[in-house]
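Below are the structure tokens for one structure; questions will follow.
To keep things simple, chains are lettered A, B and C as they appear, and every chain counts its residues starting from 1.
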Amino acid sequence: MTTSHEGPRLRQQSQDDPRVMLDIDAGAFEPVPPYPPRTEREAEFYTLGDGEMFLNMGPQHPSTHGVLRIVLKLNGEQVVDLDPVLGYLHRGVEKISENSDYHHIVNQLDPLEYVSALFNEWAYVMAGEKLLDLQVPRRAEYIRVLSSELLRISSHCLFMGWFALDLGGLTPVLWSFIERDEIVEMLGALTGARMLFNYFRFGGVNGDLNHEFMSRLGSWMSRAASHVEANTGLLNENEIFVRRSRGLGVVDRETALRMCMTGPNLRATGVPFDVRRAHPYSVYPELDFDIPTRSEGDSLARYLLRVDEIRQSLRIIDQCLHQMPDGPVMAKIPRKITPRPGRAYAAVESPRGQYAIYMMSDGTDQPFRLRIHDPSFLHLQSVGLLMPGNLVADTMAVMASLDPVMGGVDK
Amino acid sequence: MDRALRRRLEARFGDRLTGPVRQRHDETEIRVGPGDVPDTLRTLHDDPSFRFEFLSDLCGVDTGLVMQVVYHLWSETTTDWLRVIADGLSRDDPRVPSITSLWKGAEWMEREAYDMFGITFEGNRDLRRIYMPPDYTSFPLRKDFFLADDAARSPGAGVRHQEQTHTPRNAPPGRAIRVAKEA
Amino acid sequence: MTTVSRAWSRLTLPGKLIFTLIPLLAALTVGLLVALLLIGPFVWTFLTDNLPLVRFVIAATAVLLMSIPTAFIIIYMEMKIIAQMNLRIGPDRVGPYGSLLSVVHGLKVLVKEDFTPTGADTPVFTLAPVVVYLGAVMSLMVIPFAPGLFGQDFNIGLLYFFAVGGLSVVGLMMAGWSSYNKYSLLGGLRSAAQVISYEIPLTLSVVGLLMLAGTMSLNTIVLNQSGSILDWYIFRQPLGFLIFFIAATAEANRTPFDLTEADSEIVAGFATEYSGMRFGFFFFAEYVGVFIVSAMTVTLFLGGWNAPFDWPWPITVNPDPGSLGILLLILIGVVPVLSTLAFAAPFWLLRSNMPGWQALIIGFVISNLVAVAAVLGWAFISFDWVVGLLWFMLKTYAFVFTFVWMRGTLPRVRIDQLMGFAWKWLLPASLLNLFVTAGALIVLNR
């Protein structure tokens, strides 16, 4: 394994006593691991060719979407290869869940995809309802759909702002955050929390709709569509934005299916796979909405697709409000939840893709195994395929267009 | 619950299945031995009557007696999720052939199963740890993982009370690990 | 202990200070007076014999001193205007409407720790900000702010401007290389490539204007545009103006061409390892650069200090206070008091709970403001340089606002798109401009 830096070996002064020179090579940080390569891929990546150098986009960086470390192999400004290093936000949620009651886990799963926390809870309670053989009241299902679609809009607004910020525009972030702020306040009135909601329960939701939520929702809905059009108009017709994102990070259909991508990233390549239509859950069969699909597979298509999804979500919210049935918001469940021994798998369509929970129960009140399948994990895998040939500046743009959330990636 | 799927699976893979095809709600589950995994999945992927082109999830499970690798697949031809369980891996040296030749996206999921359980996927080009640091010596999600043991070997060992090596006060002698009850 | 030391130890700290400083000051004053008496005449004759040199030194100092408040004002403008575009408020705590924030920023960079990273090339690392700042400030010397108000009127003023502007490239590369950091290296290389590429369309776009004006002296170019708005060169060189504006944006490293400091990609580019006053130099140099390119655009294409219509003034008002005699003394004593009372009266009468002293203070402040406004108005109508300066600043700050506006709105371009744009679009366009102008001149002069 060769390193790229063959210059003079500098020694560093000790912080405690400046007269002492430590035997550390100062200033020549190379992001190569301090052991010989253990796998084929490591050997392939960590050997430098002619004129190549490593650049470490470390866990502290103004632009990675959370704590993520990417080691880039550059040839000048062109990226030859890249290796993401994960684990900086790993909290051991799966292990903690094995020692927690079923009630507590809903709160544990919120900070995974913290941007859109309700979807994490939804998959979990769906899996639990399969093991408990519970029927969820219809009003609860409609409330779940309503709050989740609101959160989908909020998450996509965040994506729009972040994508523009990574390309250099300062204004769209703040305009999108106006939408997000209002939605988050709404959901705070409904669930009690602004970001980590802890709202869904086995058999329903925690509380019914209240007056404050409905009034905020009503006033927001009346201007939501025009706001969305204004925000997207700022970027869609901007020549610089379009020229930078068109043709960037193109994923074709076969690659997307092989890399197990889901969600808007897959639909932008032409595959109309949406869990809400492919494997319907909750009351989505009764609701009328389209699945936007685009075929170019580049960053611009992913961006425009998410904007289309915002419009479809507005339609769904409208229908939910009109069709909301009366009734209880939670089924009767015992205080101590002991599902039957067995396995259950439940998947929902989160704003990032297919979010799934695989739960194994052994009859006690703590799950035996809780497997969390997060879409951002697989999208990050694809960055390594999309980057080679592009420039350093595009690394962040491509990552932003895939919309990863590190909380979910690192669990 | 797709009965037709069950019949097709039994017809096609009858000899390889190590247990009955179970169905509950919208999930169908088959169990195979670890060596049969690549063939089974390839057949499920390529065969026009199955067309399970979509790998939804890959994870490891430690049942306390054996290790398992669980694959979830989705196809347009059926309304069910298909769960393929590679059963019967030993807890001392679990090995399964890798399916990265079919789905490249399984590479990181297999890395995670290796990191958390120690399951070696033969044929995975990049089987190194993904969440834990590269010099970590334990496999966290195993049922016999004991944090104090592991922390005792870390550079900060002995600094805090919970990092000293000792058995939990209430643990029975010959510490029992949790075992799954199969339905 | 001697009497002196005993007396000294019984003094308090202020006492000690006074007793040390007063003899020191006395000695210094006496020494200064002696020096003045001895060598004063020689210095005086030297200065009066070399008046242009004196003028130059004073002008250079003034320009250097003026650049810092300009940078402060532009920084504040940028923060406030971009905030308004982002539907936020911006700075509003430090000083009225947050206007003192830039000053506080300036003080902050002065007191921050100034370190050199291990492995960095220290002399080059220390000199890089100086070179960049020099490149920015030296170009201020030739800009004509008002009739008679410029640093120096070279007859190759424009050439000097472009030459000195290229000096900053050296500084950026020095910063990028000496920081011993790959991010800085990338940033330095990017900026060098960018500035060099855009210098060619920048200079070529002005050649057409040079042919029209016949001189490179900036003062003469401004004088050629006097008259009405239709005499401004923008109407005779519209393409040149456009190319100059775009190339100048790239020269000044402003959005959409600000990849050298793209903080979403390479942290802070070439300035990653800089902190404290060294970073302050880069920071100020950038904003002074914005002012300079705006000023140059205004000078070359928008008539400099000329008003859009024929300014009918200066009207010379010749007040002769001496003729009033003793009345002058009475007026000096009475007018301030009367005006204070006159402005205080409405406040005291209309607000019943205002104490008298508060009303008097308000009246005093208002009467001072009125006096200042009167003096300014007199200067405005009687000195043509005041008028010219005002028009110049108005137009320049309109362009500064445009630069800030672009920063708030546009994303940034990629390095290969930037270079492609310069070489494939701006360069041929500026050559086209050149040929068309030359052809038109030949045809029209025949």
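Heads up, the rule we're going with is that a residue touches a chain if its C-beta (ideal position, glycine included) is under 8 Å from a C-beta of that chain, and two chains touch if they have at least 3 such contacts.
All figures in this text were calculated on a predicted structure; none of them were measured in a lab.
Every chain gets a centre from its CA atoms, and the centre nearest the mean of all protein CA atoms is that of A. A count of C-beta contacts for the chain pairs A-B and A-C puts A-B on top. Distance between chain centres (mean CA atoms), chain B to chain C: 67 Å.
For the pair chain A and chain B, the distance between C-alpha centroids works out to 24 Å. Taking the mean of the C-alpha atoms as each chain's centre, chain A and chain C sit 47 Å apart. The part of chain B that touches chain A in the complex is made up of residues 24-27, 29, 53-57, 59, 61-62, 70, 72, 74, 76, 79, 81, 83, 103-109, 112, 116, 125-135, 140-141, 145, 178-183. Within the complex, the chain A residues that touch chain B are 33, 35, 38-42, 86-87, 90, 92, 94-95, 98, 130, 257-261, 273, 278-279, 340-345, 347, 354, 356, 358, 360, 362-363, 368-369, 371, 373, 377-378, 380-382, 410-411. Taken together, the chain A residues at the contact with chain C in this complex read 10, 12-13, 26-28, 53, 55, 61-63, 77, 164-171, 174-175, 178, 238, 240-241, 243-244, 391-396. Against chain A, the residues of chain C that register as touching in their complex are 82, 85-88, 117-120, 180, 182-183, 186, 190, 255-256, 258-259, 262-267, 407-417.
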